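Letters A, B and C mark the chains in the order given here, with residues in each chain numbered from 1 onward.
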């Protein structure tokens, strides 16, 4: 099988070259800010910039809120579908696949139409309303991954027994959900959370069209006006995504989509 | 002249010898079974015959030709796998015809041969079905037809019945043996089930931990086991410790009682402790005549197994299991009863120390 | 609620209602932020300024500029899906079945997980730094005498965009096609071999037919994925390459003649294409699952 192995190694080398080249190139470019020598100046400038700090902070806070809301929506749903409403499973799973079928730009367009200034619920009219709209949009974008993570985690614990044991001790539903179930599916929740975080931080379409001061539009603006900072930012974004994935792997969640169910 | 010869076969993975000193000659048309527990090397040896593994040392000859280093797809061998391994994207007919198609045979010839094979396994109506539509037993029969269609010189079966229900296993067992007899094809069968091995084979190769323990006909293996392992692996067995009293007379002491064996006690000296095997069905309840051995004990347990009643009797320390035919209701002995058992001098089998 | 017995006070438990209340937020969310907005767009596509029913918007999608836009989108999506599928398949097969060291598999899976999410603006920057006029690879190639820009290459074109899209298309292909490759049992290879088949015959007659539905399905997924992508394109080529999402973006922002109903029609067109692709993918998935049981 000598020739087979050579072909395989060739494919791998080509793959590695293609995927490594942009990273190397970007990193190298980001070090070129100071004329004539390599330095981390580009990174320093970025970190010091007010607009960077403001937009990154905005996106981070938004991501956290998104994650909390997503947990509040997804966990009870996954819990009850498994416990008492198995017939709903199909329709729930279909719903979680919708964000993957509907392109982001179409979805945000729908938001603007339905919740624009001339509609019944003019969320876009106020700053807070637009923030809320953006947040709900992000909950939607992360929904497929959050739901699948939580559902997988729930399936690995015996939900029925835990619930009955807790009930026999006199626990009410909120206690059951938050003091008994939640701690046991921590890894699934965290997996979903990190992926949502990665999605929110770099997201552009929603933030741009809803005119919010998020990190994505900031990135795009920098790219249009500066030379070296965009590369530094790209490297930082990549490192951030890696960090999130690394944490997910550490939690034993496995890479997303690797289950083959999309 | 032997059709399939394995000489000095060794297979080592690193420091681990998975198959050691394997020598075997198989005649044309013979049905030989490799029998042993998991990990004994039987499947590895089979795979070396097939060509999926290469022996670390030793040679394999088929019909006079050295095939040791020949690729698996050039050996003209048919193989049936435990997990059926039918190609899911092909119909039954296409599966069966695969070997012929790959060899470039004309379509008409393939069609005729496939029809023959389907008739042979008695499943002509399933020709256009896909594997996922078949039951386990049906899939295995198709697998057999597929292996035999290209008229191979040897047929290999790797635990083909292990994944099937007990009832199907028995009927398929008989089918396979009948087919093999009709075709006269040299066959190697691998299993851990001693009932399969005994009922199907011309000869059985009992293996343990990579080496051959004994080769013989089913009757030889069962009635004249050479080692403790063979004796205990094949059939139920009573294993007793006997102290030699008089080697030439075959007199031994079992738990304080005297017995005689007519089998050879090679080089044993008085006072030696020997392992003695006694088949449960060789024992009879009650006092025996002068020409038979008699041991006295107390009934510890009685199990009703249908056609057979299994009685466990406690001697001074050792326990003996007696299998006796069921003679109808009311004839069962009771626990706690004192009882004697008797057996012939030939039935007491001394075993070689392992 | 005054407790009469000595049992500790519990939150109110309505036996049959609780589960439904529990899943209500989910469905409320889905309705308000997934279904209603999309439905509203679809309805709007068939309305005119005054809300009356009309096919006019959909018909106007046929105008040359918009038709061209759809064509361009389809071309970019097809190209990135085709090459993404080809290269992704080759990579997956090489690592999973090519007889290479075991550690390559988890490495490939992890990297694919990261890279499939590394899209949008940062990706555009990365490729600019790589293949832009003064990009790393451009300069590298120039130093060995290959001037790609002189030869007509330009990052901010169809070719450049496709090349950039491959960065997340290839990993996506790897992730989606890996379970299918894992499903090809090794016994089939041994059975084929002992029946006399060569390696090539095994691949042609057994592996490829078995994998084909999965490969097609995954390609469709890649197609839909590329069709809906906008951030990367916007950051890379701006409005230069008029793919449909860019067109839609401009419509929404009011950069062009503000005609919301046309925008709704554009969205309808996009949704139809991504919807059909995904449906076809699901169908092929189901069929191959049934074969492989």
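Keep this in mind: a residue touches a chain if its C-beta (ideal position, glycine included) is under 8 Å from a C-beta of that chain, and two chains touch if they have at least 3 such contacts.
It should be emphasised that the depicted structure is a prediction, and the values quoted were computed from it without experimental measurement.
> Report the most central chain, judged by the distance from each chain's C-alpha mean to the global C-alpha mean.
Ranked by how close its C-alpha centre lies to the overall one, first comes C.
> Could you tell me which two chains share the largest number of C-beta contact pairs?
Per chain pair, the contact count peaks at A-C.
> In angstrom, rounded to a whole number, how far apart do the mean CA points of chain A and chain C lie?
16
> What whole-Å value do you get for the distance between chain A and chain B if each is reduced to the mean of its CA atoms?
That gives a centre separation of 59 Å.
> For chain B versus chain C, what separation do you get between their C-alpha means, in angstrom?
About 56 Å, centre to centre.
> Taking the touch rule as given, give the residues of chain B at its contact with chain C in the complex, in rising order.
Chain B residues touching chain C: 50-52, 71-79, 81, 83, 85-90, 98-99, 101-103, 130, 132, 146-147, 150.
> Can you tell me which positions in chain C touch chain A when the two form their complex?
7-8, 10-11, 13, 18-20, 22-23, 25-27, 29-30, 32-38, 40-41, 44, 87, 90-91, 93-95, 98-100, 104, 109-130, 135-137, 166-167, 170, 172, 175-176, 178-180, 199, 221, 224, 227-231, 234-235, 245, 248-249, 252-253, 260, 263-264, 267, 270-271, 274-275, 278, 281
> Give the list of chain A residues in touch with chain C in this complex.
Spelled out, the residues of chain A in touch with chain C are 1, 4-5, 7-9, 11-12, 14-15, 18-19, 21-26, 28-30, 72-74, 76-77, 79-81, 83-85, 88, 92, 95, 97-115, 136-137, 139-140, 170-175, 195, 198-199, 202-205, 209, 216, 219-220, 223, 230-231, 233-234, 237-238, 241-242, 245, 248-249, 254-260, 262.
> Mind listing the chain C positions that touch chain B in their complex?
Touch list, chain C to chain B: 185, 187-188, 190-198, 201, 205-206, 209-210, 290-293.
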